[in-house]
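Lettered A, B, C and D in written order, each chain numbered from 1.
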Amino acid sequence: SDNKIALIPGGPHPYFAPWEQAGKDAAKDFGIAAVDFKVPAEWKLNLQTELVESLVTQGYTAFGIFPGDAVGINSTVEELTANNIPSLALAGCAQDPTKVSFCFGTDVYNSAYLGTKALIEALGGKGKIVHLAGLLVDPNTKLRMDAVEKAASETNGAVTVVQHITDTDAQEAADQKINALLGAQKDEIDGLISTAYIPSVVAAKSLRNLGDKRIKLVGIDDDQIVLDAIKDGFAAGTMAQNPYGQGYVGAYALDLLASGTCTVKADAPFVKTPQTERFIDSGTLLISNANAATYKDDLKKITTEIQTSFKDKYLDCK
Amino acid sequence: MSQNRNLTFGQRFLANEWSALAVAIVIGLVTLATLSSAFLTEFNLYVMLRSFCVVLIVAFAQMLTLAVGQMNLSVGALGGLVAIAVGGMMEKWGFPVPVAILCGLAIGAGGGLINGLLTVRTGINGFIITLATASAFTGINLGITESIPFYNLPASFVAFGTGRISALPYLLLPPVLIAIALAFFLARTVPGRQLLAVGGNPQAAELSGIPRDGVIVMAHTLSGLLAGAAAILAVAQLGSAQPSIGVDWLLMSFAAPIIGGAALAGGHISVAATALAVVLIVIIQNGMVLAKVDPYWVQFLLGALILAAVGLNRLRAVRAGGA
Amino acid sequence: MTPSSDSRARPSWLAEQSNLIGLAAIIILFWFLFTSLAPGFVSSFNLFALSRSLAVDIVIGFSTMVVLATGGMNLAIGSIGVCAVMASGYLMQTIGLPIPVAMALALLLGAFLGWLNGFVIVRSGVNSFIITLASASLFLGGMLILSKAQTFNALPPEIAAFGRMRWGGFVSPLLLVALAIGAALVVLFRFTALGREILAAGANPRAAELSGVPVGRAIIIAHTLSGALAASAGLMLVFRLGAAMPSIGQDWLLPSFLAPVLGGTLLAGGFVSVVGTILGALLVTTLRSGLLVMQIGNFWLQLFLGLILLAAVMIDRYRGVYAERRSLGRKTNLGRKESGRRA
Amino acid sequence: MRLTIEGIGKDFPGVTALDDVSFEILPGETHALMGENGAGKSTLIKIITGLYRPDRGRLLVDGKPVDFTSPRDAIAAGISAVHQERNLIPRFTVGENIMIERPPTRNGVIDFDKVHSEARRFLDMIDPTIDTRTEVRHLSVAQMQIVEIAKALSLEARVLLLDEPTASITGHEADALFAVVRRLRDEGKAIVFVSHKLEEVMAISDRVTVLRDGRIAAAGQPIAQMDRGKIVTAMIGREERVAEMGTRSVDRTKTVMEARNVATSLGHKNVSFQLHKGEILGLYGLVGAGRTELARALIGDARIVSGELRLNGNPVTIPDVPTAIRRHRLGYISEDRKAEGLILTHPIRSNIAISVWRRIASALGLITRADERRIAHPLVEKLEVKTPSIEQAVGKLSGGNQQKVSIAKWLAAGVEILIIDEPTVGIDIKTKTAIHELIGEITREGLSVLLISSDMPEMITLADRILVMRDFAIAGTIENTRRYEPMSREIMGLIHAGSADAAPAAETAHG
């Protein structure tokens, strides 16, 4: 098709790096004119919206957007729809009511839940844990907190969540807060569950630096530092998300929608989340010493599964 | 115009820059130590000292421009630029650490030099000049990195950022040396005194044969150099060269010297008082975390602190009878 | 010779005009450039987006301009703006007040915070830079503490609807609001005693005071006005985004100075150019949008903005110097130092 | 070293400060430089010391042309100066201020013991009592002046320029200075000495050069061949006599302003006086006597702490300047036009209308430029302000025309009492007479004037009665007989009663 598709993260963040390759592959595999990875200069709503607007002006016909601001993005999305340009929320969701066709990303609740489970298991079923979370303004953070609490509560008291430390998804902040935490309470706590990229990295580093293998860490995403920490036993595991898949399948779906050949099924089997009625899970899995070598292929598998079944599962096509 | 020989003790105490700060710090230490057992633990002290390092140098960077009655709104931007430059040189071009550091410092000084030259050559208010160059520096930073940090830095370098002897981080060494050097420079060397002279009364300085413009350029250059040093330290501390380094320096850079009693008009700064101001700020921030207080309070208290400080300075001026 | 009342003879008036004409020329040039290189630039979609962000930039510029008039600064504009924004959100969403009432109250809050700045500056006699630097973080901190940085996203739909409204296909009503404010400011500074007093207080506070101008009052009013304008800029963004969020205003510092300074307003105080500020804002918005559309933008944008500002102030400066050179023999800054000495 | 000034000229916006000035300064002489306020003395000195560059002409040192681009060049060439305005670093110690040009260092590090001992040497020449370790900001004006002199001496220059060094020091210190000057001269140094105090000049100088309106009126005349009369004539371009003010009949029954044992927050002690309708009441004193401060207290810019101020018979307390002007019709023309008098960047129009903006504004607070012109234009013509346009920025006018504008401002404001501080500082002789006549005229029209001036002839020309102020108190009041010699003797008597050693200070002034 001759669609020009843009994949736009909320701002510069290592998590989104795989989107670039995913876009290229999608363009090749599905014969799309262009699938470009466009990053706003900073994590600021106005920069993201200005970027989207300028891309529309440049003739892009579909957008896969990570809503840096789940609400703020909607006014822009409305305009896209008004100019009948389809858009998806990728990796994170826009807050309903929203005009994005659907939200395709990690089921953050589930991922955080599984992560905490894994941590509890590593702790042998009891202990005090601290939750390192991302931006407080990001509604997903709330979900993750709930998930962590839920997993802990299922141990009926054996595991307690001492504290949720939020706004740790930036280097300076993470460095300052996590070190302060370890400084103040490293002897009281037994485990760390991180549900954001950067605190996972920083926590892994700090524990290595402390030389402390007693405190168990379960992080998120597959930054090399975290993987090394797992290898050397400073971290119990990390929850892999599927950014590549999000970019790849996202581009595929956008292409179909933009070409006008397909529309979103009314009765598609969407997952309901507190944020949106129309959510699709892009898959998640736990990386531990066991599968550290092979997890990439597992993710690839998940991706292809979703992609092949996507059309008839979620779309009406002529 | 009173002689300050016959002052009461109270007046003499009020009359020196750091008195109030010292008191505030002692109070802060005591309260936190009593409130939280964790406060005085070795690791926590290490954490505090560690966050102290970068801020201190940033404050000095601003202090030097304030000394000549100028401002440098580009400390943060310049810092960010140096940070990614150093990171890039080490990761992409594999420069040896010392070389990279020297280049970084050179870039910082260069940026400062540009600020200084533009200010004196054009005679445009330094505020506007540095506001503009700040945007330019940030632009270069973002343009080069596309905001992607450099993560893989030499182990030795990163180790320096995290290493410590009991509670003392290696990171503490540079700021301490810089502080001493700066104090000596301003108190005992000719360029140092000239710097303060120009700040104190530009025309008098010029009439006394001091190269006014040259001194202002020097102040800006040194300011840039220190911004660079701070950035390199920040990189070592974070273990990665973040393009975002420096974005939140501005407020701090002014807060510390001003709380330390520096006069915007120039000619009056104090290395010791500025350092104490930074200590106070760090203690407050750390206390916030210990007390699990909403981080937003830091913002708030910093503002309050500045107001309190300027208020106190005026009070002191009145009491000590000096204009 | 006997004096003529011919106002065209006033040199600074000419200087002002030449500045504006120069600015306009640059803007037209860039529009030419962008339109020819990226036709999409003048698409109604882009023009609409442009007019909307222009509206905000103009008002932000005004907010700084009125304080520059007194020879002071207001670094708290962003903080005041976001305080007003969150207040309006709270009033509309949580309290459920009707839109106009909520907006009015938000503006009042902005004005009050500005008044607070002015009051403290005048009473303490401390440099406005320090006071507003401090109050900026006070206000922002206070707002965050109270709002817990939670976005208000269930605002009445009319808000977003108004923000999306287009006149003539590509003009946002917000722009007309901004221009209306501009007109009001022209009247203030050209045709009212108050405006003149603000300018006099800025040009030479001591002389103004001794000529019977209540300088303190003038400064406080200027800051109050600045606060109200910052608030209105924030509210414009609420309309645009259909939500009240705590991230608004963080990056206003640069644009708030860009517009007036490009427009020829003096930092020293005593002279403002409303039209200049509007043109300055237009230049900035044009560049932002244009560079983005031409794909240069995004990451290099900041650099260009910085360089343009430098270029603009220097051109302006050298025209000024040249003008003075013709009357004054020498390196011009000395004369200024002389007269500044006792001030 | 021989310093030749050759056809030097210098322009400032609206003023030609110097025009075709040529004379020579020889080694081993004390060369007095005389001239009224604004004659161009300080400007010439600033050119010799490289602070300004001449627009015309050149300087020669020992016959070789030199071009000083900055004070450093001049200092390097062996020229040092005490400038008219304070040039000390407030927060530096006396010692460091004195040695600031070349602080003694030991391997790159300033040796402060040496700084103070060196400074001591030069300070002792004039006043051993000042401690070199105090910060300058804690000194009195007189002490600062002495530090300035010591600073200039410390350069051990071959040419020493002193611009009104004795303006604010006592006769005792002045004598010490003169001793040093004589010694330096005998050592073959050249000293240029600027002073308004004729007696001093006659006493210590060998030759005298007089400037008038920026031109040479007398070049390098041996003092032996000059006398007071000759010098003054050269200075003011006419026989020294009191200009006719026309018949002045003041109705002494109507008292518009009366001070009863007023003490102020600025340190004035029981100041009492009466100002009658249509009267010009002179207020004379040395620099620092507290006249400007008194004026500030009277207009509500400083507090009156005890005693009472009566306007038209009823006691008033004036909270601030605006009230003084609006409610009490009381105005003040500052001695410092540039800093306090006018808004230099704004046009004549609004500088005149500024005091009536509130009054001419419509109900909505609206005023138009036309309204302002209606006020300003007649006055600009009445006072014959020389300007291409009423829209001209005031900063571009000559000093005299600037002064006319500030007077016009108060006529516009319709004040009944006007305090005028040093009305003719830095104003050329012709405009000066014009302004004198203007002041006479406005009082004849019913305004009452409190005139502060350090210019004795001016005082005796204008004032009906003269208050003499000393140390923030009134030393006495004298009916003006308008006969110069006896008047000045009487006034000086009042000033120096008590402080016997004070230098004679006729024509004291400061630019």
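Structure notes:
Criterion: a residue touches a chain if its C-beta (ideal position, glycine included) is under 8 Å from a C-beta of that chain, and two chains touch if they have at least 3 such contacts.
Keep in mind that this is a model prediction, so the values were computed, not measured.
Between chain A and chain D, the least number of touching-chain steps is 2. With centres defined as mean CA coordinates, chain D is found 44 Å away from chain B.
Between chain A and chain B the centroid-to-centroid distance comes to 37 Å (mean Cα coordinates, whole Å).
Centroids of chain A and chain C (each the mean of its C-alpha atoms) stand 39 Å apart.
Here the CA centre of chain B is 30 Å from the CA centre of chain C.
Residues of chain D in contact with at least two other chains: 51.
The residues of chain A that reach two or more other chains are 39, 41, listed in rising order.
Residue positions 142, 146-147, 203 of chain B are each in touch with at least two other chains. The chain pairs satisfying the stated touch condition come to A-B, A-C, B-C, B-D, C-D. Those residues of chain A lying in contact with chain B across their complex are 11-12, 14, 17, 39, 41-42, 163, 167, 170-172, 175-177, 179-186, 205, 209-210, 224-225.
Those residues of chain B that touch chain D in the shared complex are 1-4, 188-190, 193, 196-197, 200-201, 203-211, 267-268, 322-323.
Every residue of chain B that touches chain A in the complex is listed here, in rising order: 36, 38-39, 41, 43-44, 46-47, 50-51, 142, 146-149, 151, 162, 237-240, 242-245, 248, 285-286, 289-290, 292, 295.
Chain A contributes residues 38-41, 44-46, 50-51, 53-54, 56-59, 69, 71-72, 74-75, 78-79, 82-83, 95, 136-137 to its touches with chain C in the complex. Chain D contributes residues 10-13, 51-53, 55, 85, 299, 301, 320-322, 324-326, 332, 334, 336, 338-348, 350, 354-355, 357-358, 361, 364-369, 373, 377, 380-381, 385-393, 396, 409, 413 to its touches with chain C in the complex.
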